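The following pair of complexes shares a single chain, chain A, combined with chain B in the former and chain C in the latter.
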Partner chain A sequence: METQTKDNVSTIKINENFNFSCQAEFRQTYEKIPKSNRFILDFSKTSYIDSAALGMLLLLKEYAGGDGSKIEIIKCKPEVQNIFQISNFGQLFKIS
Partner chain B sequence: MKMHPWVSTMSKTNLLLIVTFISVPVVVAYSAAQLTGVILVGITFFAAWGLVKLSAGNGRRTTGDDTFAQQSILTVGKAQTDANARAHDDLLNQLKLVQDESSQVRGLIYETVNKLTACFQELNASTRSQQNMLQASFHEHHEQSISEFVDNTAKLLDYFVDLIVNTSKDSVYLMHCLDDMSNRINAVLSLLDDVKNVASDINLLSLNASIEAARAGDAGRGFSVVAQEVRNLSAKSDGINNDINSISKEVIDTLEGVRAVVNRIASADMNVALSSKQKVASATELMQQKIDSTARVIEETNKISENIEQSTETAIMALQFEDMCRQLLEHVEKRVEASLELLEVANQSVTESDSERLQEHLADIEKRLSQLKPKIQSVQHKSVTQTSLSAGDVELF
Partner chain C sequence: MCQPLIHETLLVKDFMGDDASLKLDKAIVSLNLDRKDSFNIHLVVNELVSNALDHGLLLLSSAEKSQPSGFDAYYRMRSERIKQGNTGHIEIHISREFSAERHKLHIHVADTGDGFDTDSLDAKLPGSDCTFGRGISIVRQLCSSVSYSPKGNQVHVTYDLEG
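Then we have the complex of A and B:
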């Protein structure tokens, strides 16, 4: 996963298939970023996510400080957006 | 809009019944009135004729002085009196029959109208209770339970989605832990490699010590034994190292097995939940449509019930004609009664043959006539002024 950090804002480009197989890679990616940074997750490439992906996002939220974390999910495709919607992720993350 | 078939059938049958029941007494009453009218005309004519005759006879008597003429007049008068008496009897019978029949008609109309009114009231009550039952069953079984069911289903689905997501999160966390554990075991394995190298060095060192001890001869004999022991220890250490290595590799294999299981637990296809949610949403919409259409049906039947209620009320109001018919018939009966009295007066005057008392009777007749006059007039003037059923507000029975 590509990462770009600028002025304490880190953008992670999420894989096309964001599923359980990405867990180690995703963890390694975000654990390199300081916890206090603002996280922007770019889903523009992603067309499939499973429940493990949702679990990974929740773990990232915990890593970044729980309720005080600054995580933004951007450029979602409709199919991905639907899954965020039924999981009520809109209440936990800023999704666009 | 669909209507229960028995509702329309019931209405039609009832209307037919009502028309039949109403028309029969009306016709009967009308015929009775017609007959009474004819008879009344007859009576009036008859009575008038008798009075005219009487006055003519009287006039002649006051001026007459011829006894023969008087005799012949008396003979003719006798024949006339007989004829009049017969006619009088017939008329009397007819009038009494009219009186009886009119009273019968009055009774029939009263009885039938009461039955009809009861029928309409029953119909009204039945329609209202049917409507209430429909509405009650709709409110009980539809709105509450369906919306509850929909709410519960949505909650259950949310609960399962939360469960799946949380299980996945824990599984991913477990996977992170397994990864950390693997890394540590790998670190142990590399340390074991170092230990192996140390053992190998010790083995080499002990070999060198043995050679040096042999060169020293007898003096190095004891040292040679120590060197051999050190060598044995190195071999033992190497064996333990190998055991640890193989056990660590078994742990790594076990961890791989756990990893596969966790993978299965963690990775659920959210599209299943998504399609379930969509199915629930469409089912909910379908149920809502059903509820709406049922509500519409209830509303329509409400309107129909109101129509039935209005119609029956109108019918009950129309049945007030019984009151008017009764009044009319009472008038008919009064007229007949007056006519009977008239007839009696007429008969009495005609049958009176005593010329000396004639004057006295005449005065009596005139007196009775003047007494009867207001009675007849009062019936004429009081006769029902209301000719239309729709006029005037009539309270229900």
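Then we have the complex of A and C:
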């Protein structure tokens, strides 16, 4: 996954199909980024997610310091945003 | 009135490469749903099929996925077990019910495994920060009904179409 870091803000461009088959790739991507950075997850390309993707996002949150983490999910398609919403992810991540 | 639309049989070996997911994608595209329904049905069918494969046939436990290393171990074990020549299979039936108010899709997924104790499901619904066990809770949110056969190896869900 493509990443870009500037002034301690790292943007990860999430795959088109963000499901269990990306779990290793996603983890290897965020583990290269310092935990204390602000993470921006760009979902503009993503047209499909599954339940494992939600688990993967929670593992990133844990990596980035749990409640003190700074993670923002941006540019979701409405269908994807709906899944975050019904899973109460609005309480755990900043979604815009 | 109920119209049968899809009947697919997936063998464990179809999950070695992309065969299983390509077959399902093609079947769902053939339903000609609008974008949101198509996305939701894709998700629901994939979650039900993953549960049938992972837990019904391959006997994997999702609790492994509570930590990063567990996620890796889980999917490594999954691909190893897929290659072990398991003779089980999964049947997927989708039909459309026409009604005056809202059209519905009925999705039935059955596996040849031993099933599970369906009473244990309610107690296990995950909290919002739990890294596993989310598949069935998403299915419950998206569908108007979800029911298991007594043995637990068959699940029937009803999805109310928006489009």
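By our rule, the second predicted complex is superposed on the first by the 96 of 96 C-alpha atoms of A that agree within 3 Å, B and C clash if a C-alpha of one lies under 4 Å from a C-alpha of the other, contacts with A are read in each partner's own complex, and residues count from 1 in each chain.
The definition used in the following text is that a contact is a pair of C-beta atoms (placed from the backbone, for glycine too) under 8 Å apart; a residue touches a chain by one contact, two chains touch by 3 or more.
Note that the coordinates shown come from a computational prediction; the quantities given were computed from them, not determined experimentally.
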| item | value |
| --- | --- |
| Larger contact residue set on chain A - chain B or chain C | C |
| Touching partner for A:L59 - first (chain B), second (chain C), both, neither | both |
| Touched partner set for A:M1, first chain B, second chain C, both or neither | neither |
| Touched partner set for A:A24, first chain B, second chain C, both or neither | both |
| Partner chain(s) touched by A:N88 [first = chain B, second = chain C, both, neither] | both |
| Chain B versus chain C as contact partner of A:P78, first or second or both or neither | second |
| First (chain B), second (chain C), both or neither touched by A:S51 | both |
| Intersection of the chain A residues that touch chain B with those that touch chain C | 19-20, 23-24, 27, 49-52, 54-56, 58-59, 82-83, 86-88 |
| Chain C contact footprint on chain A (complex, rising order) | 19-20, 23-24, 27, 47-52, 54-56, 58-59, 61-63, 78-80, 82-83, 86-89, 91-92 |
| List of chain A residues in touch with chain B within their complex | 19-20, 23-24, 27, 49-52, 54-56, 58-59, 82-83, 86-88 |
| Of chain B, residues touching chain A in the complex | 157-158, 161-162, 164-173, 175-176, 179, 263, 266-271, 273-274, 277 |
| Residue ranges of chain C in contact with chain A within the complex | 35-36, 39-40, 42-43, 46-47, 50, 65, 67-68, 71-72, 75, 128-132, 134-135, 137-138, 141-142 |
